[in-house]
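Just so it is clear, A, B, C and D label the chains in written order, and each chain counts residues from 1 on its own.
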């Protein structure tokens, strides 16, 4: 399979984008469609501690999560839903566990689909076990285990496959800790994009053999780490403007999965998905106000704006007063999806979209950046340099900077000194970077391999 | 204080009602207003098991809940919030515990108010400890303990006081189990209303001495019990049409608190609050899609329609991956409130209101009944017989029945045979009831004291 | 009004589905249900006795009992071959969602009324399967679950001692001493009252009392809590109570019952999904 | 576009408030901060050394160290009276929200660079306060928290042994045998990897190894879990690590540290709110 770089936007105008609708909807088995005119709620639950001790206990745990979710879906009348399972180590490492766990969930969902006609989808997100400093990203024991596991999940009936690959992590981590925007750009934008191509060419080819969609990959290890480290308004670890720049850069990286043939719905924790949807037109999953169980972000409503599959991120598997968590959190995302579907059915989708967006657009620089008209601008900056993974990542960051500064100058977005100072500093560094990828890589390769012991250039063919 | 019965509606037209706005807004200390043009998010967290073992541990627990909530409020930028504490037995029974627990929370909230200017309110909901068959509802040891506790909570700085009184419970429980609609009407509508008057005359007089609002009382022991027993679509214990009738009846009962001088914001778990707001114009709290932690209802969005304070109901005090539950669930309600406030600020409140309503209006008969135009109709039926607590409760139920049948006949609301059959049966029983309270009471008194050993007529002055 | 306009154009199926309506089969008479047929007696007077219970008709049940006794049917047969079979049928109908709680209550009332007639003739109360003591924890007013448990136990032939709500721990222990039940059921719904369970368990142990099963259910109470102390078994649905009591009668320990819960109650139980 | 029209008329204060902007005081130079003044040396060459660290300027720090040593200042004084004071000031600034993580990292880099110069002169490495071993649990790739812990420990004069991520339990035990640390810090973020902690604790116990403190933090890991096994102390923020290590050095047991956590780290910690 080749890599088809995007040099044009899928949407002519940001206003065309709205939740529940994608230019290229995706059909999965058990009759679920994404982006075809309705929003699908998703639930994701982490296995209980200890259940990883044997294949048998983990398989039971998986079946139980699916069953509890499905039972609630029916009890409150959800037309469709998705169960996602993010693999723990053992599930991916032992391909036979991955198979058995997927099968157990597939059987439950099929039973409910047959009995009630409730549409259901099953996502398996394999774990990226690869460790740069232990065997590298390519062809290592861990890398091979992942490839095998993908195959088995497809066989066992997964509706789609996702991942959160870690390419570039070593350099990115260094950049986050030092506030080094060039390292962030190199880690996410360059190294990340290279590894994505390696990983997704393979995965797309594997899925093609089955009734399983290659759905996509989020930059959890990069942009989400930045967002998480940046924290709430009183966080002290990373500036929110810096986190916003990392997010813009990550769009250029996560786009690569689609360029390799991933179809969506893109994985929920990619807050960069609005940008990628604008470029490619594929459906996306997102998380936000109903993912408070998993982490605190400062844009809980905004991420609904153009979502096609609405997720809770991840929660402990245990009991609430309102029932087991797979039921409780599917109900949470289910009701939000129902509201969006009502808006679609009554012709108010765009109004509701704008309400979601406006609620968080100026709460934080990250919200400003991701508000769909601005996300669209970042997308345009990317496709302008679409064929060059370095230049497009740099352009994304520069456009992001412009967007935030404009909002600040229009007195819409307030910033602290720290936010403003880092933004200015990072911007001038970004501006001063070379216009040729080769020179940029050269510069980076002179510095980072020396400073970062875990960085393994061979993993990127460098 | 007298009892001022309502014989007219506060709103001329249901369309005047919308979230964040009440005819009679309520101001509480630390600068929070309810119904004054914005929605306030609320969080409520049950103390950890074991913390009830001593006054000291419970006080610490209370402070910790308040602190965790307040810290998150600031971290995500909420302009205002409310902390509600529903008392456990010890907190109400020992007035000095009630005092110390309230004080500990008040100090925390005041600290945040002073430091950040974040507006905060503190609700104390005393426990109705009274047991009909153990000393009765009036003047018993438990009754006196409640009165004392209310006084101490006011002194310690509570912004408002609520309760969920249990008057009529003995007869209602019998009615639920037997599917006896007359017992439900007698229990909630008649006995409940009598006890409310006893309880709220006293409580309103107590609050008047302090800077504390007497906020109101929900029919948890009646209508919520029915809703809970009715469960989801596949529930087998009570028909949803029956639960809807109980809800309509409960509006006539919960109204009494306001007639005795309660000002609102009415307590969250009163799904009947839309009806009472329509009649009285006082602000209301509500719960729904962000109360999935506490219980499953089938109208998670609808209850937002005219809310002034948005609650999570109640959750275990523990850690989520996203932080401690007071933080996590305040964020959940906080983001929903933010969406509503955005709608208000941008002139889209009525559209969003209607989306909320429409999402659940035909999901279940209970939603059909409570959709604000229908809730308004029930309110009108109540005020028409406003001076007679029996006739108005009966009228509420009959109007509710009409509403559901109309929706069914218009092919908007689908019903199962069980739902339809019970609705028809109950309706004909209700229709056949006498038009004089005295005769009705006479009939009931001939049957229920004999059949229900826990029913104590003296507790109602009968 | 926007809502009514919307109702005309919206496709409800995209917003919600009423699965209860969707899966509803054609209306059939209770006696035509295959599971009822399995237990329903075909011979008279037993059939009429059972049918009166199935329809929850107290008057008819009493009449049928009287006329059967008059015609010489043994009182114990009236109960066991007639009334009890009717109640079995009702349980089957409830389990499959064809009958609802009030139906069960009315059937139980009918059965009780008719049984009293038979017992009068018998000259004594029918022997019960066994005794169960039920209570609601100290400081807790939530008693509907407990009331259901008591009702289901009685309807299924157990002696159920109802201690009421807000019951001091010591009173529970005294009752166990006095009645030597096969099972003790505690109900609590609050984080701060469920803590009574381990205390009661501890007190029972101290006194050398071993109640084979200590079943508890309710709002804030979850399986992991109940299983964190000895003798605790987490009860999910009130109608499970008689089946659990039967298991206890059959000599199963609290550990067995924990492990085999779904098998014992004979249905999928989400809370025990990992033990299916 | 609706969004821009709305921006003109909406009162943002009703939707959100940026409290970080609201509470921001006037900009002051770091050296003017009262808490910095308390620790900042006034005499030269110490002041320049400290200031270079505060500004995170490695070059200046190295230069200042060289020139101080040239002029005869004792290497240990360069470190302790100069560089370390600068780092103390940086910690104070971070704690109050005036400095951010990258500032600390750059300061730590500056301090390390200058310290190497002083140590060269000294002829040996400065004695460390104590050794701490840090690891990320088996099967877990989340290592940022651990990296921060290691950085903070180093910056505060501890020897930090970094075992990396996805570390087998046995390797952790071997490292404890080998380095005899005052404290062992494990990091895990997942429900299914945090289970390594009790296993490691058990293995240590079996081998008769008693590490006074076994600190762990991260996403799915919560206090109650960590306190459910012996030696476990729940760590909240990476910058707490040096303070915890100091407490361990001072002879506090894991039980003491659990109880006094907020006091030891000297700030309000929501996770320990009940122990304030």
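Of note:
In this section, contacts are C-beta pairs under 8 Å (C-beta built on N, C-alpha and C of every residue); 3 or more make two chains touch, one makes a residue touch a chain.
This is a predicted model, so every value here is computed, not measured.
For subunit A, the chain whose average C-alpha position is most distant is C.
Comparing chain pairs A-C and B-C by the number of C-beta pairs in contact, the larger count belongs to B-C.
Centroids built from CA atoms put subunit D at 48 Å from subunit B. Between subunit A and subunit D the centroid-to-centroid distance comes to 30 Å (mean Cα coordinates, whole Å). The multi-chain contact residues of subunit A, meaning those touching 2 or more other chains, are 46, 51, 74-77, 233-234, 316, 321, 323, 327, 338, 341-342, 346, 351, 354, 358-360, 363-364. Residue positions of subunit D touching 2 or more other chains: 2, 6, 10, 15-16, 18-19, 220. Subunit D meets subunit A in the complex at residues 1-3, 6-7, 10, 12, 15-16, 18-21, 24, 27, 94, 97, 99-103, 105-106, 109, 138-141, 143-144, 147-148, 151, 164-166, 190-195, 220, 225.
Taken in their complex, subunit A has these residues touching subunit C: 37-38, 51, 57, 60-61, 63-64, 67-68, 71, 74-79, 115-118, 318-319, 321, 323-324, 327, 338, 341-342, 344-347. The residues of subunit B lying in touch with subunit C in their complex are 15, 46-53, 88-90, 93, 128-129, 131, 133-134, 166, 173, 176-180, 225, 229, 233-234, 236-239, 316-317, 351, 354, 357-364, 371, 373, 410, 412, 414-418.
Within the complex, the subunit C residues that touch subunit A are 2, 6, 9-11, 13-19, 22-23, 219-220, 222-224, 268, 270-271, 273-274, 276.
Per the touch definition, subunit B reaches subunit A in the complex via residues 46, 72, 74-77, 231-235, 288-296, 298, 300-301, 314-316, 320-323, 327-329, 331-332, 335-336, 338-339, 341-343, 346, 348, 351-352, 354-356, 358-360, 363-364.
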